Amino acid sequence: MRTFRLVIACPDGVGIVAKVSNFLATYNGWISEASHHSDHQSGWFFMRHEIRAESLPFDLEEFRQAFAPIAKQFSMVWRISDSAQKKRVVLMASRESHCLADLLHRWHSGDLDCEIPCVISNHQDLRSMVEWHGIPFFHVPVDPQDKQPAFAEVSRLVEEHQADTVVLARYMQILPPDLCRRFAHQVINIHHSFLPSFVGAKPYHQASLRGVKLIGATCHYVTEELDAGPIIEQDVARISHRNSIEDLVRLGKDVERRVLARGLRFHLEDRVLVHDNKTVVFD
Amino acid sequence: MRTFRLVIACPDGVGIVAKVSNFLATYNGWISEASHHSDHQSGWFFMRHEIRAESLPFDLEEFRQAFAPIAKQFSMVWRISDSAQKKRVVLMASRESHCLADLLHRWHSGDLDCEIPCVISNHQDLRSMVEWHGIPFFHVPVDPQDKQPAFAEVSRLVEEHQADTVVLARYMQILPPDLCRRFAHQVINIHHSFLPSFVGAKPYHQASLRGVKLIGATCHYVTEELDAGPIIEQDVARISHRNSIEDLVRLGKDVERRVLARGLRFHLEDRVLVHDNKTVVFD
Amino acid sequence: MRTFRLVIACPDGVGIVAKVSNFLATYNGWISEASHHSDHQSGWFFMRHEIRAESLPFDLEEFRQAFAPIAKQFSMVWRISDSAQKKRVVLMASRESHCLADLLHRWHSGDLDCEIPCVISNHQDLRSMVEWHGIPFFHVPVDPQDKQPAFAEVSRLVEEHQADTVVLARYMQILPPDLCRRFAHQVINIHHSFLPSFVGAKPYHQASLRGVKLIGATCHYVTEELDAGPIIEQDVARISHRNSIEDLVRLGKDVERRVLARGLRFHLEDRVLVHDNKTVVFD
Amino acid sequence: MRTFRLVIACPDGVGIVAKVSNFLATYNGWISEASHHSDHQSGWFFMRHEIRAESLPFDLEEFRQAFAPIAKQFSMVWRISDSAQKKRVVLMASRESHCLADLLHRWHSGDLDCEIPCVISNHQDLRSMVEWHGIPFFHVPVDPQDKQPAFAEVSRLVEEHQADTVVLARYMQILPPDLCRRFAHQVINIHHSFLPSFVGAKPYHQASLRGVKLIGATCHYVTEELDAGPIIEQDVARISHRNSIEDLVRLGKDVERRVLARGLRFHLEDRVLVHDNKTVVFD
């Protein structure tokens, strides 16, 4: 079922829902899903509607024009998208295959509703796997002494492939600040710890050293500050003294895959609204 | 914050949200929480609003009158309640204290927003605990040869105390069909298994025999068919071969308490809508 | 680290651990992992040791001869295996790729320590995926009118490839009783429900109809009675009224994959002991 | 069933299990539970046996004498306890009742196998609840300007009541270093976050600010460094944008109670071995 997804954030007040739902009812819009959230701390209101596209007399552009006065009246930060226009997601990976293989399989079996115009990696290891899926693979090695050319190339590839979203599927390189800013809330990372615990490198080693009883993974938008962006999704797995660091790495892979796949799905379905470095996720 | 809770179920269609939110906006109602659900299988629409009571020019009765024409137009099954009018919950227990003690503690510490006019039990064991909380305790023994008088007395006590809700906190007796019918969707039970597994007696023994790796508990509305009413909440706990039946009983208590407390809270906040022996829970 | 895995079940009594550990100490065996379980209900004792292979003066056959008298004395059901002799696992699938793709990826990335001599399917859909991994794929269609020839061929392929273990990775066909008997405790199935709930076909439809709040998956050994064999591993995922049957199927896939992979790993590492249709899993 | 619990940590090597199990077999000791762990990182070996007391010709003191030579030979850190000699646990609380009420109820209903000689609090709020359980309550107010006298009194009460274990059931005061040292691995705290995230004050506020999707609780031994002692048990609960800080506090209570009760149970049953600021928990 093709839907339009109307996503709104604005200062809270009386009459917002009425105005928006009236607007939709006026045009005979059939709401298939609606979510609201009043954040009492920030005083903001968040809202997401899925409307059956064929019930509306609009295309996206006409919708935007018709809705603009309401958006203006309530100082809305808003967007509308068409479920039939698949988001374009560039995947980036390094040598570890588990997250990439998982996303590719979900996409291949039709469970991940997006286009994957290409995969970019700083290593060649995963080329064959990617190409078996019929997806172009670009090898962009990163010179530790001078990373700038690599990131310029990454940036060029992302633009050339008209990506809406970049997923760091265990890419293992820190993106430069200008890239983070340019693609704000468009770059999704999976960090292999339960943030804010164990920021930075080798979180499973840190976890083993601290003797925690659960390990976790965190899917978040990338910002300039390392591992500090808005969190989309998290989960954990139970471990014990019996587990070596190698076990943690292996057990953690399952959590990482699951958390990244869930977080990306929320993003692709326009279920994530960012406000003040936190997310509202209408799951 | 005092709120009115407007809970609606009706056949799905265009314009319902608009009509309701218009109605609220017309009277300047400040929506603090809103939830919607379109059930594609049944073709029904479910909706719950919390509206700040002081933003409306109504009391409950006036609200009902003003809203009635809309409800009629859309064939709504609906109710409205006032968060300031606490629900009256009669607790029933037998000899096991864990669920009762948990609910009493939550109530006593202000985490369970209701009144508890009395506790009814077929045994005397828990009298002192109940009375320490300042709650009347009624001992209504059940004669296995003739249960009717006991249930007549239970019924009388429930009515005398003007209960909205009855909670079977491990009461261990099966309510007679007429009681189930009379208090439909008002009697909440905690069953000590992950239903529909292990219906009936001694579910932990059944679980041990089958060798399952998780045990569970189910909070549901009581209907005439044993352990088959609409499920409100469920959860599980991991077990292993190391656990004896006594361990399962002990570990299960934690799950039972948690699941019952969550299910009851949903009920008390008017978050549960029953349709076709299933629930919509706007958590 | 190459290890010998000594797995023992016997009637409980005094001196078993002493006898076995003495035996190992006599030959200077370095125990890297040891697990014990006394089952008070059945009166049986279960035990698993991993011993560093290079610390022993034995090969497997010599170990068997030296240990036989002890085994006889305590009426042990026992086996010993060498971690360097990888188990041979034949995977069987139908059209759904998620479990198969997951196992193949784990194997390919070195996280699943076994050999996969071939994959058998009653459909052609997954051939290319299997062959990309360098594994032979056999298409054995099952004629609904006469399934016997297909299962004879399956049986032949399993023997020809000298399989220790057969995994039904959503194979969707019921194995005939003689195959179940012949490969007792060697055939692992993943059932897409939290058994014993929803035995048989279309468990997600059954789950949706019953309105449960969690769905699950069960990894078990196949026996003649459908979905009733010894359970190796189970897990669940939370669902809500918002989830359609299609969502349950999708969400369930993640649970199925995880549960099957864990259960198979336990099996491959000789961590599962079956007794009276229940399992001891030394995880 | 009365058991002796023999708990051992020592440098790993060949023959330890043989020596210990031989010793037990020599005296006809019936092992009802045995757990072993070889830690490859530290090179240490950990071991716990439960032996049926009536199967041994010893009392504890005789056991200690007979076993001492073996302990010396392998440089064991070890202890033996008698399940019939209940540990003496002093509970400390402040104003929040949830952890205290939970432990008292478990104790009262026979699920927590210990003696509770007294409860100490810096406030009077929970006196009545404690005294209903028949347990002495001591009010030791803490003067923020001079805490020393209060902690001297706490120390005196702990000694006077011959406590083995002190549980900080949301005590909300930081113990002075000398107390931490004196009762090393005897003082158990529940911290209301998933450590090492959100060390220190107001962890739920910190969690809300960071926008995490799970909150947690950590049961650990108290050491001089705040919230940095060996972790015994942890768990988490899922939250969302819908949850206010008050919700986190409320939802967190359930996690805290569960984690503290589990951690304390492990401790009481001598299942926790501390080594290098980490724990081995033979659950």
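Note that the chains take the letters A, B, C and D in the order they are written out, and that residue 1 is the start of every chain.
As a convention for this text, a contact is a pair of C-beta atoms (placed from the backbone, for glycine too) under 8 Å apart; a residue touches a chain by one contact, two chains touch by 3 or more.
Labels paired with UniProt names: A, B, C, D = Formyltetrahydrofolate deformylase.
None of the values given here were measured: they were computed from a predicted structure.
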**OP:** Could you tell me which pair, A-D or B-D, is linked by more C-beta pairs in contact?
**Re:** A-D
Subject >> Farthest chain relative to chain D (centres taken as mean CA coordinates) >> reply: A
Subject >> Centroid distance [mean C-alpha coordinates] between chain D and chain B, Å >> reply: 36
**OP:** Report the inter-chain centroid distance for chain A and chain D in whole angstrom, where each centroid is the mean of the CA atoms.
**Re:** 41
Original post:
Touching two or more other chains, which residues of chain B qualify?
Top reply: 40
**OP:** Can you check the complex and tell me which residues of chain A touch chain C?
**Re:** 33, 97-98, 101-102, 105, 108-109, 111, 128, 132, 250, 253-254, 258, 261
Original post:
Given the complex with chain A, which residues does chain B contribute to the contact?
Top reply: 14-15, 17-19, 21-22, 24-26, 28-36, 38, 40, 55
Original post:
Can you list the residues on chain C that touch chain B in the complex?
Top reply: 37, 39-41, 46, 194-198, 208, 210-214, 216, 230-236, 240-242, 244-245, 277-281, 283
